[in-house]
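Both complexes shown next keep chain A, but they swap its partner, so chain B is in the first and chain C is in the second.
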Partner chain A sequence: MSTTTTRGIARSAPAGPAKARPRQGLGANRTLNFWLFTGPFLIGLVIFVFVPIVWSVWLSFYDARFTVTPSHFVGLDNYRHMLSNSDFTGSLVTFTVFAAFIVPTTWALALGLALLVHRLRLLRAFFRSVFFLPTACSYVAAALIWKMSLFNGVRFGLANTVVGWFGVDNIAWVSNPSPPWYWLVVVTVRLWLQSGFYMILFLAALQNIPGELYEAAAIDGARRGWQTFRYITLPQLRATSTAVILLLLIAAYQAFDEFYNLITTRATWGQTPLMVLYKTALGASQDYGSGSAGAVILTLLICVVTLFQGRIMGFGRGEEST
Partner chain B sequence: MSAQSNSHWDRRTLLRAAAGLAVAAPLAACGSNNGRGGGGSGKQLQQYFHAYGEAGVEQAVKRYAKAYSKAGVSTQWITGADYETKLFAALLTQQAPDVFEFHPQIQLVKSGQVADLTDIIEPVKDDFNPADIASHSYDGKIYGVRMIDDPQFLFYRKSMLQKANVAVPTTLEELIEAAAKLTTPKVKGLFLGNDLHAVEAPLIWSAGAETLTAKNEIGYHTDGVVEGLRQLRKLFTSGSLLLDAPADFWDPSAISQGLCAIQFCGMWAMPVMQQALGDDLGVLPFPKVGSKGRPSVYNGGWSMFVNAKGGDVDAAKEYVKWLWIDQKQYQEDFATSYGFHIPPRTSIAARADKLKSGLPAEGVKLFNTYGHFDNIGWTQAMWSAWDSVIADCVRKGGDPEAALDKADRTVGRELKKLFG
Partner chain C sequence: MTTSVPEAGAKSRRVRRADALGNTGLYLAVSVAAVFFLVPFYLIVRNALSTDAEITGENWKFFPTHLRWGNISELFDDTTVDFARSLWNSMVVAVLMTAGILLICSLAGYGLARIPYQHASKVFYAVLATLMVPTAVTFVPSFVLVSSLGWVDSYRGLVIPGLFSGFTCFLFRQYFLGFPKELEEAARVDGLGYWGAYWRVVVPNSLNFFAAMATITFINGWNSFLWPLVIGQDPSSWTVQVALSSYMTNQTVNYHLIFMATAVSILPLLLVFLFLQRWLVQGIAQTGIKG
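Coming up: the complex of A and B.
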């Protein structure tokens, strides 16, 4: 605890000089304060993150059906079961397809929106908020709106009304997997939900590009528009782009809400890795052992992919080295 | 703010926080209402119900609970389509419900999650529909009290069939033809639910097969069922099946709002349909499939179970006995005042006047003539395997034999774990 003298000084002295004043005997207090402030968070982290991870790894070696405190050790059986389970391996394909759709489209749309909003002279704050607003919407709520009003299969659904103008018959967007219209539904809902957030990231980066660069380019004869964008803006956004792509990939890996609500676990297509794990561990079969094994495999995969991507795109090396 | 003023702020807040904690701790200890006793006002029980679609059911359930004097009963009303997932997960935790509604499934018995209720049912056993007792029994013990029986069948608009000059179908093929004739630009011929899972069991039975044989072996993998799956695929791609409707099969809105001419639904929705359509409504069982088939009706329903690992199993059993065995006026109210359900108790069914004439009586007749009850050995994992069969060969267009082979592996693995 601080002494009364520091209190007196704090009152009389302005903030700047007070900071520079050497503090004696505060070391122990600092440690105490550190634990006091980070303690609750660390306790939460241990209880809600580390314990479940360790527990999950432990469960993955046991026959844990209808229980999370099993006693029958089965070695690597659960891992064998998951790796030979076509639902689980198929879900990795689903994820890859989803990522291939969602990552480039969100990246392009977010960047496009950022460029548009950045160039606005009027109402910039308004449009920034408008595009950012969907981020505040829950995935479940959005998925239900997409399913029940925009993309329902009856004639008065929004999408069917629009295709009806062109004489196309009602389409079952989600129920019928051939042709796979469900991709349109899951990709658009996520696009709507997350583009605004990444737009803000790009907007911040755009505002950080020094104006001199553009002036110098103009003097050197670079044309406004595509040429400036290609050779000035885009390279300057490299660090942000890398971060955005990494975040998008991780978010795609974690996809659950909209798939669960739109496609549901009753289908055999469009099942993301988390849905398969959910179905295995918490669904009908209550197989926590296999579910945990799948979770461990998935975690390892995410680590490997992230490291690999970092290697290729230079994430974390900083802007100087680019 | 400077570092010094920060630490000054710290100290005062710390003292205040410490004092606050000292006051709050004992309060928190007696205020925790997790439905697990300690309240000082007698026993506390918690019950789980899935969200019934009919108006007034939630209030009724809470009203019955409030009338119970020997324990405080709190109700968790689980909305959403995945009641079983939430229930199964909750049963593993300390916050598990003491009593819950579900269907008879053997894995709950084998894993020791439901308590033996033989002693409370035995004295009134003869008053229950024998099929309901059989479907809840394993190894001579009875594990759940049936609350309501819910037959599921097809509802059709008489006027639409008449207008299209279509006779009431008696086979699946005729049903498919009828659906095609009844389809107009505005109305689809038939609605079987958005993912068709509701007709899985009726399809098996109507093809003359069983989910499991009497010896608990796979009974659904027959030529008749394969034929039925092929016909369903034809229906799925015909353009006369309503898909992606805003509400699923259990909700009467598809037929009552004029989106389809024939809908698969449950008897629970009959009052709402009658209100919307009046007399323009008929019922028929799921028609027979192939030459060896026979029409079928799924006699679903809900039963009350006691969590064997709950805090006070005896108190929970006493509550179940009080409400679902002794309180006949509540049981009758629950079965007939909101949606229509068939009371599993003969004495209550005998005085349920609402079910004795008109369309409800026809529903009861279908229940008695064509009804199939749950098989306790057919578990959630097996239902789920059949969801995949429908997804793979009816919705996706794969080979029915291959889809059934895949289900055989899953169901076989389950059967081996359950019955050895």
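Coming up: the complex of A and C.
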């Protein structure tokens, strides 16, 4: 039904009185169509993305406990409170350690799997599916498998069964911060869940590398294996690598699901920034002011990191080379 | 490739033997990796079809002697967590989100890519700017907004705030930028406006990409946890992920039920995934992140 209305508008343009007019008529038609297509999205974006952000910035300057329409202006007190809060600063340390583990390992594993699968001739689709399959699982389900079966701290957990064969005592994988075995658990969970996705990105990139490059390298005497990988494959994957590292970093920054389920928010260790925000704003104290201040700090940090990484790794340069 | 003639035979035999060795190593490496990737799935199936006694037994039992399919009915009869309700909630949420995001974001992506409007680039930069602010970080203000709208514990609250994905809009724009212009222009010459050309020509010729985006959106909708956890205060509005999470904090731990619940929560997704994998892989490869 809407098809007919726009068709009417489209026709009205050339039917204008003077021949000099159509351009303007077409312009109005374009403007109308532009808003027709983008309008619903932009209205929603303003209400559900821009308004909450602005509201949040406003709340962060008020004493907003148990209320979202506060009247007591407190200036930068919420920011001071969050930055001197050891839970919050501790969560930034947790994120940094987590990112230092998860970003390089996922990058390497995804690239390694892609290189392997790329060389397969037989059963290629099968192996690709196996590595890609965990992408369908949720962080909650994976955390459950890891916590309740794979890394269960009691004797019948699979990891403890395996170390038991070598005469090692049961290890409390996630219930005890010293020694910090929980890092192994949270890193492997995410590694399993997301490596397959990034492998697909690398596979697509590998297929786009022109075969002549390898032929030319072979003629120039480059040996197969490390030399061609180092001087052909890796540079050709630069743009994809940059994108993958940035995506991994942003994803690590927002880590919540597996930490929440593996470690719980009751612990004093292994808390990610989002868990601290969750506790601050939606916990017993319902401190929306401090929670919002924390959200603003995190958003600013991620903007800085994104811009910084874009500068260092050179998004522009990466795209030029493709 | 062809080297000097006299040596060719000997060399190729040596190369062939090296290739065979390399191939064996390759398949060995890839198989070992595959086994590690499949272990968690094995654990789900094993535990879901066992009794608690078999799971917690003295020695590792590789597989239950009798497959306990009765665990399924036991899961749905269990009254501590209304698992059937949570499955239904997740289905509704994931379907509504997929339909809504696909409709809203594809239209916007097309408008931004193809309709020459003088302020289009400014609008596009406003959309890009939202990508800098991860949605997960803004859950506090979003919750504040949604609760003042009175949408807590409702499908509206679960679905609507997530429909306006700047990233999906961006991906659609990138895709439409590469859509052959001639097709639409022919349609518009035939008297279809932008709107008509979009529905009659562009969408029917983009079904692969739509299928890919639908698969990704459905998986994300089904698997999301933080937002449903925040919105679902009452157990009747829990999604399947929130229900699963509640099993882990329950006082009594019924291993076989927990794992049957996990299996049931993953199964529909695995089927969707295996069935639509071709489009998914194509879509991910197409979405502009190329080497």
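Here is the rule we go by: the second predicted complex is superposed on the first by the 286 of 322 C-alpha atoms of A that agree within 3 Å, B and C clash if a C-alpha of one lies under 4 Å from a C-alpha of the other, contacts with A are read in each partner's own complex, and residues count from 1 in each chain.
We take it that a residue touches a chain if its C-beta (ideal position, glycine included) is under 8 Å from a C-beta of that chain, and two chains touch if they have at least 3 such contacts.
Because the structure is a prediction, the values reported are computed rather than measured.
Participant: Between chain B and chain C, whom does A:T264 touch in the aligned arrangement: first, second, both, or neither?
Facilitator: both
Participant: In the overlaid three-chain picture, which partner chain does A:G153 touch, first (chain B) or second (chain C), both, or neither?
Facilitator: In the superposition, A:G153 contacts chain B only.
Participant: Can A:G283 be said to touch chain B (first), chain C (second), both, or neither?
Facilitator: In the superposed model, A:G283 contacts chain B only, not chain C.
Participant: If you stack the two complexes on chain A, which partner ends up touching A:T228: first (chain B), second (chain C), both, or neither?
Facilitator: Neither chain B nor chain C is touched by A:T228.
Participant: Chain B or chain C: which reaches more residues on chain A?
Facilitator: C
Participant: With the two complexes superposed on chain A, say which partner A:N33 touches: chain B (first), chain C (second), both, or neither.
Facilitator: Both partners, chain B and chain C.
Participant: Under the stated touch criterion, which partner chain does A:N85 make contact with: chain B (first), chain C (second), both, or neither?
Facilitator: The answer is neither, since A:N85 touches no partner chain.
Participant: Counting only touches as set out at the top, which of chain B and chain C does A:W173 meet: first, second, both, neither?
Facilitator: After superposing on A, A:W173 lies in contact with chain B but is clear of chain C.
Participant: Thinking of the overlay built on chain A, is A:R65 touched by chain B (first), by chain C (second), by both, or by neither?
Facilitator: Only chain B; A:R65 stays clear of chain C.
Participant: Check the residue A:A136 against both partner chains and state whether it touches chain B (first), chain C (second), both, or neither.
Facilitator: The answer is second: A:A136 touches chain C but not chain B.
Participant: Please report the chain A residues shared by its interface with chain B and its interface with chain C.
Facilitator: On chain A, the overlap between the chain B and chain C contacts is residues 2, 6-7, 9-11, 29, 33, 36, 68, 147-149, 154, 264, 282.
Participant: Applying the document's contact rule, which stretches of chain A touch chain B when the two form their complex?
Facilitator: Residues of chain A touching chain B: 1-2, 6-7, 9-11, 13, 15, 18-19, 23, 26, 29, 33, 36, 65-68, 147-149, 151-155, 157, 169, 172-178, 264-269, 279, 282-286.
Participant: In the complex of these two chains, what residues of chain B are touching chain A?
Facilitator: Chain B reaches chain A through residues 1-5, 7-8, 10-11, 14, 81, 84-85, 88-89, 92, 107, 111, 113, 185-186, 194-195, 197, 236, 239, 242-246, 259, 379-381, 383-384, 387-388, 390-392, 395-397, 414, 417.
Participant: For a test of understanding, state which residues of chain A touch chain C in their complex under the given definition.
Facilitator: Residue positions touching the partner: 2-3, 6-7, 9-11, 29-31, 33-34, 36-38, 40-42, 44-45, 47-53, 55-56, 59, 68, 113, 116-117, 119-120, 122, 127-150, 154, 156, 158, 161, 192, 196-197, 200-209, 218, 236-240, 243-244, 250, 253-254, 256-257, 260-261, 264, 274, 277-278, 281-282, 288, 291-292, 294-295, 298-299, 302-303, 306, 322.
Participant: Which residues of chain C touch chain A once you look at their complex with the stated criterion?
Facilitator: Contact set of chain C toward chain A: 1, 26-27, 29-30, 33-34, 37-41, 43-44, 47, 55-57, 60, 104-105, 107-108, 110-112, 115-117, 120, 123, 126-127, 130, 132-145, 147-148, 160-161, 163-164, 166, 169, 188, 191-196, 198-200, 219, 222-223, 225-226, 229-230, 241, 244-245, 247-249, 253, 255, 258-259, 262, 265-266, 269-270, 272-274, 277, 281, 284-285, 289-291.
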